[in-house]
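Each of the next two complexes has subunit A plus one other chain: subunit B in the first, subunit C in the second.
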Partner chain A sequence: MANGESPVGADAPAGGFVQLLTPDGERIDSVTTADGVTYSVDFTDGEYRELYQDLVTVRRLDAEATALQRQGELGIWASLLGQEAAQVGSGRALRPQDMAFPTYREHGVLYTRGIDPIMPFGLFRGVDQGGWDANKYKFNGYTIVIGSQTLHATGYAMGVTMDGKTGTPDGEAVIAYFGDGATSQGEVNESFVWAGVFHAPMVFFCQNNQYAISEPLERQTRIPLYRRAAGFGFPGVRIDGNDVLASYAVTRAALDQARNGQGPTLIEAYTYRMGAHTSSDDPTRYRIASEVESWKVKDPISRLKAFLTKQQLADDTYFAEVDESARKLALDLRERVLAMPDPQPVTMFDHVYPNGSPELDQQRAQFAAYEASFEGSTH
Partner chain B sequence: MSETITLGKALNHGLRRALENDPKVVIMGEDVGKLGGVFRITDGLQKDFGENRVIDTPLAEAGIIGTAVGLAIRGYRPVCEIQFDGFVFPAYNQIVAQVAKMYYRSLGKVRVPIVIRIPYGGGIGAVEHHSESPEAYFAHTPGLKVVTCSNPADAYAMIQQSIISDDPIVFFEPKRRYWEKGVVDLDAPGDFPLHASRIVRDGTDATVIAYGPMVRTALDAAQAAAEDGRNLEVVDLRTLSPLDLGPVFESVRRTGRAVVVHEAPGNLGLGAEIAARITEECFYSLEAPVLRVTGFDVPYPAARVEEEYLPDLDRVLDAVDRSFGW
Partner chain C sequence: MSRIKEFTLPDLGEGLTEGEILTWLVKVGDTIELNQPIVEVETAKAAVEIPAKWGGVVTRIFHEAGTTVEVGAPIISIDTDPGAGPVPSAESLAAVEVAPEEGSVEPGMIGGPAPGGRTAVLVGYGPKTATAKRRPRIGTPPAPATAAPATPPPAAAAAAPAPVTQPTPASSRPPAAAPPAPTQPTPVTPAQPAAAPAQPAARPAGPVLAKPPVRKLARDLGIDLTMIAGTGPLGSITRDDVQQAAATASAPAETTVTESIVTQQAPATAAVFDASREQRIPIKGVRKLTAENMVASAFTAPHVTEFLTVDVTRTMKSLERLKSRPEFRDVRISPLLFVAKAVLLAVRRHPMVNSTWSAATNEIVVKDYVNLGIAAATQRGLIVPNIKDAGRLTLRELADALTALVQTAKSGKTPPSDMSGGTFSITNVGVFGIDTGTPILPPGEAAILAFGAVRPTPWVHKGKIKIRQVTTLGLSFDHRIVDGELGSKFLRDVGGFLEDPEAALLSWT
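Showing the complex of A and B:
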């Protein structure tokens, strides 16, 4: 696959990408890249419908989060709008034993891991910094500094090798999520070096959504991102990031290669951030409406809906049920977000050190006494 | 079994013991394997424990610390070597933004028990970036603990205690003292707590507070002062974050005078914090302001003038004189 030009989909960028479902909902049975690797999926009717339900659900939850932010209930929100297929496809490709290292936008992957979608809301509402158990859920905490988590993933993958958990079909694999902007970070390039030389069982999953806040892809790279992998000595492949089937097929294959002891793969999911970088951003300052319109016709959900309809795998009743189910989940999420209690101020002193610190204990006691001094006053 | 060994060899023995005691301990860094590290602190360890336990890494400090974070999440206890003090800065982001905050961010669910060993300080005639004292940057960062040893026995005990600890610890090694010898009980990893300072010379007239490479300097100064009839008490801080200033306060309340010594530049260094705390806690006992003897507020100078930059016996005694002349 290294350096191999990918097959060209109808709407592919120069150099092509792996596409198994066209924007019109046409199913492509299989795709063989220039390197001779063949990708396909073998889903049951029910599994196609489940993927559709996943996509609709994560978009609906995301929309609810955006609304909550606009209503002042979240400090900020990083929307995944437009990237549902990249996230759901790759997330569903993970096996239970696989470990994921997300950025702060992987709400769709989080959902596919079976994690309560409420979890990131503590972070975005400002009641905590995330706070879930990475090892329990096999999903690390959101990482905000761009690219840092790729090194964490690589180290974790080295540990998988050291534990002897590779080389078999039931081995473990690791996936690191990052964006196009992150590929300029030194730490990401270091993680490529390390994963290469240590033959780490991992997949680098780059969601190229074309923008790092305001800066377009051209400010990050002179060559297609997937081709960077060749220089580090492992395969790179570009997929249609709006095609949930391609995302699933290629990620599943790359993860299985990794768990079988065949080293890392870089996947570039070519997609588009339909919304703003975060709720604090104004994309009208740096991109034109016609560009956004051109991506609307590539929508990841409408193409799967078209496929399901054409194949008579689902009808309007089913689609309405999915919408209603997602609406209920979103409502439930809203209610629970609104019910999140603000933390007690003194808890800011918790969890600084596993073994504690006498100096910090003293500060905490002083702060608690200071707070208590206002009790009963109208201050 | 007690042996007289160098500080460097004591660290080597301590690391060996840690590798023996816990299969999850791994050593990683540049040249730590076949070469045994540029200071030979890891000498022979890869040969005895293998390439998976003592890992020669690519030449990338952020990579060393960043992958150590992942290994720690996986359940390992990485001991990372940063080759020289001035080379830690490419890893600064990982140390400050990730290592220090992972436990806090995860509400205590994710621990990253990483030890970051950094040979630090000057006095070895080195080129730029090989003689710095960056401890304040790390001591200023909540979530990190910072310790430094001054003698072989402490080196042997403290490196093992640091590796056993679940806290992320930056472990500063006084590189110019690597070759100084002392008696080490190799059967006793030390029952003195890791995060505790210690009075290393009793005295009555003034308190000299030092750590790492400057403890030897402070003890030499105390020896010289004794010949002039002044009896200096010397405190080895050992732990820089958290500070353990109880013994310092107790000492200063007795002596009424305090001099803080470190190689790092004075401006906003550990000495400033210690002086402020002594003033808060011992105000009515002080006969003079707390004085500092430190490196100057310049980039670490060329080796031919480093002896003038570094605090030495005479500058410590000069500060003691000024304290008495107040």
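Showing the complex of A and C:
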């Protein structure tokens, strides 16, 4: 895979990227990198439509969450607006046995894993700790600490190798998501070292959305991020992060490399965070409107819609149906979020040890007695 | 559950306590949809649009644009079922459902139960008074300050988990609002006998028992803890004890002062010096920001200001010649353009004045680019938008940028991005007819130039006294970075350019 120059798309940054669908909706059959690796996709008409539906649904649910935050129903929300293609493409490339380690923004990956989108809302509403069964969903907890999940993922991937589950076409692979800002973290660099040295079945998927909160990319790196991989001894490739087809094709290939025992890959999905870092952030304070405008024309959904229209794979009736179905899902999500019960204070002791401990039980009893000492208490 | 729902201002960004209503996007009587943007609110963190939480018809807007509203206060009410016939009158609605003006009622309760049976307590952070949050204990003797409430305070109902059968707001409201004011659990009620000033004798001997936050509160309020009798466990002093002591200590003192003033003033002219002749302006927005920046800068960067009076007759003539050139025919240019150019060229010769003292990293950050700030007086107050990378602009581009910057500032539309990242600023006090000043550095900048009025002045020119166009420049600089020598050289160069721009251009560039 390419450590040198990637092929140049029409709107690519210096050094190029892998692009299979242009912003105008033109399909590029296949792309071969400088290292001679060829990427392409072979989707049926229905699969193209499904990808479109994924993108629209993920964006609509995200918009509903942003509204819920503004209405005081969520404490905070990290919007994925603009990054749908990177997430949906890579998420759809995962096989059921693959394990994903997300950040707090990977709502699109979560959705493509077939998980009920409500799962992370308890965390953002502050009614649970976001602790779901990572093994059941093959989807680790949302990690708030920047970059730490790459170490967890690498350790997990090394474990997969020790279990003898790599080295076959049906082996397991692990994907870790992180952002451009995380590449400056020690943890991410350490995980590169470990994954590289131990040949871990890993895909490092970096969504370079150009900003680490307010810090622009030029303060993170002097070279394109995908080229960092070369120093750690594994391949790096940059993709057009707003192209769901490129995201799918390259991630699928990298995962297959990993599951076949060929070691890790770094994918840099070159994209843009169209919204704020989180609902507590005001991006107009650090970036200019013309820059945001220049990314609007690269929108991941409109290019796929243009493609579907040009190829006569879908018509306005279909698009309206997709919108309506996404709207209903969003309303359903809203109602279920509003219905989430507030936790009882005593439940904070429930998730410390799997089987409790004498000291913890004592603390729980003391706290319950204290709570019960108030009038109107239900304890 | 009422079909009229009130939307309270949520905490929009992790720990905010208030927001300013910028613009209402809907008005009373409008039919709105779920998630339709209804209002723009600016908080300390961001200006955001709030989408409607329910569809329906707007029945009331509580605060006009420009008001600063506390988190948890109602801002709009919406009839969620307008098709169901007429709404009860506004008076009965207020009585039944809202009563936001009654201080003891938690604003979060007013919306009634939210969908799904969740009690709609205050979103974001709780009400401000500690007493409203505190639930009464079972079987403990009531503390003096909270003595007497016959019924549980409204907070108790709000803090309890949602009962199986949710009482409607109509049924729960009257008991909460019914108790007359004196029975409200207010921490400081002078009328209560228990609130009498504590005597030193009442305190048991030995060290004072009080938790650190209480000690801090006492220090902040100037209360001597050894003079208070504690009512907490083991005789420890509680927050309420301190607040009570503060209230009883300050009340008589204020009275005395007022009386003495009145006695002194009354016989003379009977002039009134009270609130009726005072205007109280909330400190917020640009004024607040300006104040914070000025204080931060004035008390961290040691300022030095130097002055230079220069003959700018040649600059004024060059300006006239420039105006007649076709390239500059359609742009308004002023001496400020030359001052800006002089600064940009002088910065190139003395880059250190275009730098930042970074205490956090223990570095002086010298910038290769000049984001040239121009102080502008606007209706909203002083703002200092800057021209990004002004050093790269041609003179014509610089003239255009200056014009655009001033026009945008005057129309109040300067985006925040234009106001951040400045590296060197100019304040054009001359437009007010002022000769010069000692400007305060914008935070993060090492120097700022004041450009005074240009006046015809008797001046020694080529050995004779002539009437020349003269102005005074004032340069303030951060003495941590810029020494007197560097500041003087820089100011001398700016002055030198203005005295003879053409010669300076030829010799410097």
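Quick note on the criterion: the second predicted complex is superposed on the first by the 372 of 379 C-alpha atoms of A that agree within 3 Å, B and C clash if a C-alpha of one lies under 4 Å from a C-alpha of the other, contacts with A are read in each partner's own complex, and residues count from 1 in each chain.
Note that a contact is a pair of C-beta atoms (placed from the backbone, for glycine too) under 8 Å apart; a residue touches a chain by one contact, two chains touch by 3 or more.
In this text, all values refer to a predicted model and were calculated from it rather than measured experimentally.
K.L.:
More subunit A residues touched by subunit B or by subunit C?
P.N.:
B
K.L.:
Contact-wise, after the overlay, does A:26 reach subunit B, subunit C, both or neither (first, second, both, neither)?
P.N.:
So A:26 meets neither subunit B nor subunit C here.
K.L.:
Report for A:194: first if it touches subunit B alone, second if subunit C alone, otherwise both or neither.
P.N.:
first
K.L.:
One more residue to check, A:11. First (subunit B), second (subunit C), both or neither?
P.N.:
neither
K.L.:
Just subunit B (first), just subunit C (second), both, or neither: which does A:287 touch?
P.N.:
The second partner, subunit C, only.
K.L.:
Using the superposition on chain A described above, determine whether A:186 touches subunit B (first), subunit C (second), both, or neither.
P.N.:
Only subunit B; A:186 stays clear of subunit C.
K.L.:
Can A:50 be said to touch subunit B (first), subunit C (second), both, or neither?
P.N.:
Touch status of A:50: no partner.
K.L.:
In the overlaid three-chain picture, which partner chain does A:344 touch, first (subunit B) or second (subunit C), both, or neither?
P.N.:
The second partner, subunit C, only.
K.L.:
Note which residues of subunit C are touching subunit A in the complex, please.
P.N.:
Touching subunit A: residues 7-14, 35, 45-51, 53, 114-119, 123-124, 135-140, 152, 156-157, 159-162, 415-417, 420 of subunit C.
K.L.:
Spell out the residues on subunit B that touch subunit A in their complex, using ranges where they run on.
P.N.:
26, 52, 57-58, 60, 62-63, 65-76, 78, 90, 93-94, 97-98, 101-111, 113, 142-143, 145, 165-167, 195, 242-244
K.L.:
If you look only at subunit A, which of its residues touch subunit C in the complex?
P.N.:
The touching residues are 64, 67, 69-73, 75-76, 276, 279-282, 284-289, 335, 338-342, 344, 372-378.
K.L.:
With touch defined as at the start, can you tell me which subunit A residues reach subunit B in the complex?
P.N.:
Where subunit A meets subunit B, its residues are 101, 128-136, 140-141, 143, 145, 148, 150-160, 162-163, 186-187, 190-191, 193-194, 197, 350-355, 357-360.
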